[in-house]
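Pasting a structure below so you can have a look.
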Amino acid sequence: MELQQKIEAILFFKGEPMSRKKLAEFLGVGQIEVNEALEKLKENLKDRGIVLQEKENPASTRGDSSTRGGEITLGTAPELSGLIEKLQKEELNKELSKASLETLSIILYKNGVNRSLIDYIRGVNSSFTLRALSVRGLIEKSLDPEDSRRYIYKPTFELLSFMGVKSVQELPDYELVNNSIESSAQNLAEELQAEESQNDANL
Amino acid sequence: METEAVKDYSYQIKTDAFEGPFHLLLSLIEERKFFINDLSLAQVTEDYLSYVNKLEKQDPSEISSFIVVAATLILIKSKSLLPNLNLTSEEEGDIHNLEERLKLYELYTKLGGNIKSMFGKKIIFAPLERKNDFLVFLPDDRITKESMMTFARDALGRMPKKVFLPEVEVKKVVSIEEMISRLTERIEKTLEMNFKDFAGVAKTKEEKVVVIIGFLAMLELVRQGILHVIQESNFEDIIIKKNNE
Amino acid sequence: MELQQKIEAILFFKGEPMSRKKLAEFLGVGQIEVNEALEKLKENLKDRGIVLQEKENPASTRGDSSTRGGEITLGTAPELSGLIEKLQKEELNKELSKASLETLSIILYKNGVNRSLIDYIRGVNSSFTLRALSVRGLIEKSLDPEDSRRYIYKPTFELLSFMGVKSVQELPDYELVNNSIESSAQNLAEELQAEESQNDANL
C-alpha cells in the first residue's frame, strides 16, 4: 500500500491530531516522504466528505516548511457543517467577545505569538482573555523556541475548525498580512478597508 | 433599592463599552472619519480624557492602561496648541509609538471582523470518541493515593486568584504622573512667554483665557486620576498576581 | 455536496455502524438513493486507506442487500491491519502524561465532574486527555443527569481497586481537596452567569 493510504488509515484510526514527525517515525520513513504523501492525500480528499487539516509549527522555528513539522488531523468537510451539527449532541459555544476577537485575530494571523506582543497590540493586559480562550480549547501555549523563559500562544485545531479552514493560510487576507512588514500596518489597514467597501458595493 | 440596582447596571454597561485605551481612541477617531495621525489624536484628546475621568470614578482599578495613553495624548495636544513647546526625543518617541500601536491595533480589529463573520459558520468536525471494542484496564504505577492528592492540589494551587493587576502598567503610572506635573509647569511658562502662538486657536483675549484654563483643568483632571491610582496602590493591598508565564 | 460525500462525513464523524435505513431517514432521501450513493462511495474508496464495511443484518436475510437494511461503517483498509495493530499497541503502552495524571486526580477528587470544570481548573482544554484516560479504562463517561447536553466523568471501579480504596472518600485529605474543587465550581458558575448577563446587555 502506498504511504498516503497508510497515513490516511492512521489518522482515521487515531481520530486526533498527530505530528508529522511522529508519523515519519512510526512509519519508518523520512520527513520529506511524509510531506509528499500528505500532499497527495490532500489532493485525493479534494472532493470528499472529509478534509485534512494542518497546523505548522510557529514561523519562529527555524527551517522552511518541509522541515518545520507541525500537526495534521482529519475532519468533516466544512461545507457539511450544518448536517454534522445535527448529529452533535454537545452544546457548541459560538459566542466571542470583542476582547476574544482581538486576541484571536492576533494569534491566528501571526500564527503563534508571545503574550507581551498581544498586550502591546491590544494596549491592555490579556491574561483573562488568554485563559478563557485556553479553557475553551481555542488556543494553546507552548514554550517559545527562541526564548525558553516565555510562552507563545498558538491556534488549536479546534479554532481552525470553528473558522472552517484547513490551515491558517486559508484565512482571508492571510497572505496580505503576512507578506508585509509590520511598520506598514496603516497601508494594510487601508487596503483592507478598500477591499471591504468594494465587497459592500458588490452586495 | 430597586432603582439603585438598575442605575448601577447601566453604569456597568457604559464602562464595559471599551475594552481598553486603543479601542476607545480608535472609536473616537473613526467616529469622525479621521485617519490615525498626530492631528486627529489631538482632536480627540478632550473626549478621551473626559471618558477616562468618568471611568476613573466608576472603576479605578481599570484605569491604569488608559492613563498611560492619556499622558501621551496630552503631549500631542500640548504640541498642537503650543508649537513652540520643545519635546524631548523620548517624548517624540512616545508619540510616534502611540500612532504605530494604534495602527497595528486597527489592523487586527479589522482582521477580527473576518473572525467574527466566519466563526462557527462552517465547522470542521473532528470524529466522535470511538467506542472501545474491547475492555482494557491499563493503569500506571504513578497512580497512587498520594500522587493523586499532590496532582489535584497542585492543579488547584495553580489557578489564578481573582485579582489581576498589570504590574508593569502601575509602575509606569508613577513616572507619568511626574512627567505630567513637569509638563504642566513647562506649559505654564511657555504660555506666559508665547501668548501669541495661540492666535490661530483663539481670536479674542477672552477666548484665549478660556482655552488655557480649560487645558490646564484637563491636565488637572488626569493628574488627579493618576494620583488616585497611586494612592490605591499605597494604602490598599493590591494583589499583584505573578503569572505562571 | 453530493450524497456520497455526506454519507462519508456522517460515517466518519460517528465512527460506529449505522443502518441504511437510518441514513436515509437522517438525510431525508430514499433507500435507493442511499444505496446508489454507497456504491459510488465504495468505488471512490477503492485506493484509499479507509474502506466501507458492511455488516449484514442476520435477522432479515430475505430480499436483496438494498432492502435488507444492514449496517455500514467506515474502517481502516484490511491490508493495513498489521500497521493499525502496532499503532494501537503503541498507544496503550505509552506512559501517561502529566496532563493525564492531573486530569485523573481531579476526576478522583470530584467523582462525576464535567469537562468544563476540569478545563477551568487546569486552565486548558482537556478533551484529548479525557480520551486517553478513557481508552485505558481509567475513567468512564455518562450523560450529566443535570444537563443532557454534556457528559460527566467518573473513575472506573477497576481504578479504585487498583489504588486500594473502596470509594473516593478514602483518598487522603478527601474533604479538603473536594471542597476546594467545589468552590472552583462555584466560581465557574458565577463567571458564566456574569458572562451571560453581559452578552444579554450587549444585545
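Letters A, B and C mark the chains as written, and numbering starts fresh at 1 in each.
What we mean here is this: contacts are C-beta pairs under 8 Å (C-beta built on N, C-alpha and C of every residue); 3 or more make two chains touch, one makes a residue touch a chain.
No experiment lies behind these values; they were computed from the predicted model shown.
Chain centres defined as mean CA positions place A nearest to the mean of all protein CA atoms.
With B-C and A-B as the two chain pairs, more C-beta contacts join A-B.
Put simply, the C-alpha centre of chain A and that of chain C have 23 angstrom between them.
Note: centroid distance chain B to chain C, computed from Cα atoms, is 43 Å. For the pair chain A and chain B, the distance between mean C-alpha positions equals 29 Å. Within chain C, contacts with two or more other chains are made by residues 12-15, 123, 131, 198. Residue positions of chain B touching 2 or more other chains, listed in rising order: 125, 127, 129-130, 160. Contacts from chain C toward chain A in the complex involve residues 1, 4-10, 12-15, 26-27, 44, 47-50, 74, 76-77, 79-80, 83-84, 87-88, 90-91, 116, 119-120, 123-125, 127-128, 131, 149-151, 198-199. Against chain A, the residues of chain B that register as touching in their complex are 19-23, 35-36, 65, 69, 100-101, 103-116, 118-127, 129-130, 160, 164, 166, 169, 241, 243, 245.
Considering their complex, residues 12-16, 92-93, 95-96, 101-102, 104-106, 108-109, 121-123, 131, 134-138, 156, 158-159, 162-165, 171-173, 177, 180-181, 184, 187, 198, 201 of chain C touch chain B. Within the complex formed with chain B, the residues of chain A that make contact are 15-16, 51, 53, 73-79, 81, 84-85, 88, 92, 94, 96, 98-99, 101-102, 104-106, 108-109, 115, 119-125, 127-128, 131, 141, 150-151, 157, 160-166, 171-173, 177, 182-183, 185-186, 188-189, 192-193, 196.
Chain contact summary for the complex, chain B toward chain C: residues 9, 12-13, 16, 125, 127-132, 135-140, 142-156, 158-160, 162.
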